[in-house]
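Next come two complexes, and both contain subunit A; in the first it sits with subunit B, in the second with subunit C.
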Partner chain A sequence: MQRYPRWPIHLALMLAGFVMLVPFYWVLKTSVSGENIYAYPPSIVPRGAHLFYYVDVWYSIPFARYFLNSVAVSAIAVAGNVVFNAMAGYALSHGFRGKDVVLLLFLSCMMVPFQATIIPAYLITGRLGLLDSWLGLALPQCSTIICIFVFKASFDAVPRSLIDAARIDGLSEWRIIWHIMMPLSKAAIATNVILAFIWSWNNFLWPLIMTRSADMQTLPLGLARFLSYQEDTTGALYAFCIMVLAPGLLLFLLAQKEFIRGLTSGATKG
Partner chain B sequence: MAIAVEAARPRGKALVRHRTRRALLLWCFLAPSLAIFLLYRIIPVVWNLVLSFQYWSPLAEAEPAGLDHYEDLLTDDVFWQALWNTLIVIASAPIGIAIALVLALLVNADIRGRDVYRTIIFLSYPLMTVAVAIIWRWMFDERVGLINYVARSLDLIDKPIPFLNSFTWALPSVIVANIWQILGFYMIILLTGLQNIPHELHEAAAIDGAGALHRFWRITLPLLKPSLFLAFVIGMLNSITSFDLVYVMTGGGPGRATEILVTYIYKLAFVQTKFDAAAAVTMVFFVLLLGTAWLANRLAGGNVGAAETE
Partner chain C sequence: MSWRSILLNRFVLVPGAIVVAVVLWNVYVATHNNGIVTGRVVDAAGHPVADATVGLWIFNFTTYEEKERVKTDADGVFRFTNNPSHKIQISAEKPGVGRSQRLPVFLYFRSQDTELAKPLRLAGAG
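What follows is the complex of A and B.
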């Protein structure tokens, strides 16, 4: 390899990193700022930093309720994804009659974004009597095609002889999935968990359409509602923003590799 | 081992029965996922199509409407504005991809700390879009937004620009926020593509005396074509469906300056309860989406596959 100077690359990347990070900083700064947030010129470092706005969020909105709803809906979605996708992935890693049809169906479903189905999805959920409920919020996201293929790829890599041996030992297919396949597919499970969690945690359009009562609102809805009541007038909005971003950010930093693997495997295999 | 397996397998009629049972079991395993996709993908598409040819509201019986809703769209200014804005947002995807390509080339270089750079650039992608929209509202704020502040400090502008309340600037502002959020995802896709290009090609070309720029045009770019089109399909899907960002940043305003098809569908159906008219707009939206994806696929000259953005 020929040598080339590294500093221009570092310089360009630092600039890009700066552009990516500065909006976070600006909001974080505002959320702890002790002065009027509309003082001009805006201070670069927060003056008289305090956590008053964070306390304010706690008292001015039912944060705990929103948080509980978001956690419950995400938990249902994650559980649904892991169980249903593993089952479907296992079925697809076998040959059986009608498999081609199923594959075709899955691939064409991938071309239907949720936004193109909102009206019937709302009407269907209404008929099922699930409007304004945790299950109704989570149901459309309880199985994802990309994640099914992540499981399928992982199961395909398990040696056939192992499965055959398990069958001879009299294990049922159901137990083969849970006792043989799943322990060997930890990476696929992690990918499923993190993708399902992040999609469900961030989801906004669906809860916006189908929740009626204030009790059922999730965090993104609460955030949007807070914005529409208060406009941009209080630093509490930005404190709320930081509180909502933190869990997703933390999870992403912990499981970055699985997250990216999931996205790129779905993206390159299709 | 193989013999033992053979011996364990049932034969003849028993084998047939065994196979049928196995197939039945596999279908049972598929059932929950299939049910969810049926309920929330397949039936909705069909229902939506039917609904777009009917007069229907939650309180009234359905009546055939023929092409009435589609004809109404022809004279609906808001619809045309939303369609045009959606096309502009789609057309902005290549800008993000070009920036991401530069970044991907940079973080692909053999430098110290490149994983940290990758993480930082990717960081905004998995974040809640509603929060991202609020962050950017604040960045674009007329009085104390960072962008106005910097521009004024550098004497680029005399008066602060009310970005999100301006007919000229609102849509570009939303696009900037959109690109900021998805940039890292583009970069990861392109990086994966770059890493799949064999080193030997570059080395052989370098020995033959090809300069870096020449190698980029003749080797990197052609071999990166599938990744680039994949990024475009994903970017198109992302921008066409970026409801959260528009809804929270501008609500479609000022006037209808940032109205896109998805926000218009939402407003028609769930604010004005015109489900049938909204279904017709949804059909246009859906056809636009499939058309662009198909076109990108054809241009890529292969099966790029689809991506899910939720």
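What follows is the complex of A and C.
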């Protein structure tokens, strides 16, 4: 078999990676230099870099409160996703009457955009008395169909004999999920955690509609509020973007190995 | 799974390091937020200017407003003890000697104790 040199592939990948990283670098550079984005010629290296735009952002809006709200809502959404999606994924990894219909229903529901269901979601949340609360903010994001399928693919890869052995040993279905399936599905858990966190963290429309008090706003709403009453904001705006992006990026970098494994698990099965 | 492997996990180490950094930063802030701003005023030749009036301007949402005025001592040194802001400007003037430009000062947190690295230089008199 003829072996081709690998360096062209590596070079192409490095170039592609560089191109993808340029916007991140540009945001980071502007956040420490405040340089006008229309400046010509653009400077590659920041001139007179400092961190004072981050300080400006911290004091211009109640950043700590918004951050706490975002963390709390994301934590609830992540916990909900892991628990509910694991249960749904476990059910779908077994045969039962009407399973195909349920799968079809799930797949068809993926085609309905959230904007189309936002009014019923608002009314239900209102009836539950959860408007303007962390739980209400997290509720529509506590389970996502894509993540259910991630769990299903992961559970499908667990040998059936293992589950049968657990049943013979007297474990209930509930304990099979938590003591047998979940420890074998770390990649699926990481994928659920990352996706649920990022979707919840970046969500704008739902918090915009269902929060009433300024104290319950999340970071994306804070960004909009910040923009509305700051004029000369190039540096501060980019600093705000970095502060909003940082937790999601950190989480992804921490768990990227499991994330990639979770997304590709089941992809190579026959 | 041992406690050692749990604690030496990147999912524990990285958040733990962040928490430690936040705690240390807050301790530093709590011990350096007395609102003290000090500096010197000199004339065009670089000599200390006594009895010059120094103004502290603090950022108020969109503009700077004057917060306080103090006088320099015989060595041209001034000292504000009640700065509440993180974004201030300092100006100095003395009739017959001149006035300085407003010097923008950015601080890392509100009321941070700071000493101006460069003196305020009075110029343009008469």
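For the reader, a short list of remarks on this structure follows.
Please note the rule applied: the second predicted complex is superposed on the first by the 208 of 270 C-alpha atoms of A that agree within 3 Å, B and C clash if a C-alpha of one lies under 4 Å from a C-alpha of the other, contacts with A are read in each partner's own complex, and residues count from 1 in each chain.
Definition applied: a residue touches a chain if its C-beta (ideal position, glycine included) is under 8 Å from a C-beta of that chain, and two chains touch if they have at least 3 such contacts.
These numbers come from a predicted model, not from an experiment.
More residues of subunit A are touched by B (comparison of subunit B with subunit C). Of the two partner chains placed around the shared chain by superposition, subunit B is the only one that A:Thr117 touches, whereas subunit C remains out of contact.
Judged by the touch definition given at the top, the superposed model places A:Leu105 against subunit B, while subunit C stays out of reach.
Of the two partner chains, subunit B is the only one that A:Gly17 touches; subunit C does not reach it.
In the overlay built on the shared chain, the residue A:Asp132 is in contact with neither subunit B nor subunit C. In the superposition on chain A, A:Tyr238 contacts subunit B only, with no contact to subunit C. The touching residues of subunit C, counted against subunit A in their complex, run 10-11, 14, 62, 86-87, 106-110.
Residues 1, 4-5, 8, 22-23, 25-27, 29-30, 32-34, 36-37, 39-45, 47-48, 51, 102-103, 106-107, 109-112, 114, 117, 119-124, 126-131, 134-139, 141, 143-144, 146, 149, 153, 180, 183-185, 188-189, 192, 206, 230, 234, 237, 240-241, 243-244, 247-248, 262, 265-266, 269-270, 275, 278-279, 282, 285-286, 289-290, 293, 303-310 of subunit B are the ones touching subunit A in the complex. Within the complex, the subunit A residues that touch subunit C are 50-52, 55-56, 59, 231, 250, 254-255. Listing the residues of subunit A that touch subunit B in their complex gives 1-2, 6, 9-10, 12-13, 16-17, 19-24, 26-27, 30, 37-42, 80, 83-85, 87-88, 90-92, 94, 96-98, 102, 105-107, 109-124, 139-146, 148, 161, 164, 167-168, 173, 177, 198-199, 201-205, 208-209, 219-220, 223-224, 227, 232, 237-238, 241, 244-245, 248-249, 252-253, 256, 259-260, 263-264, 266-270.
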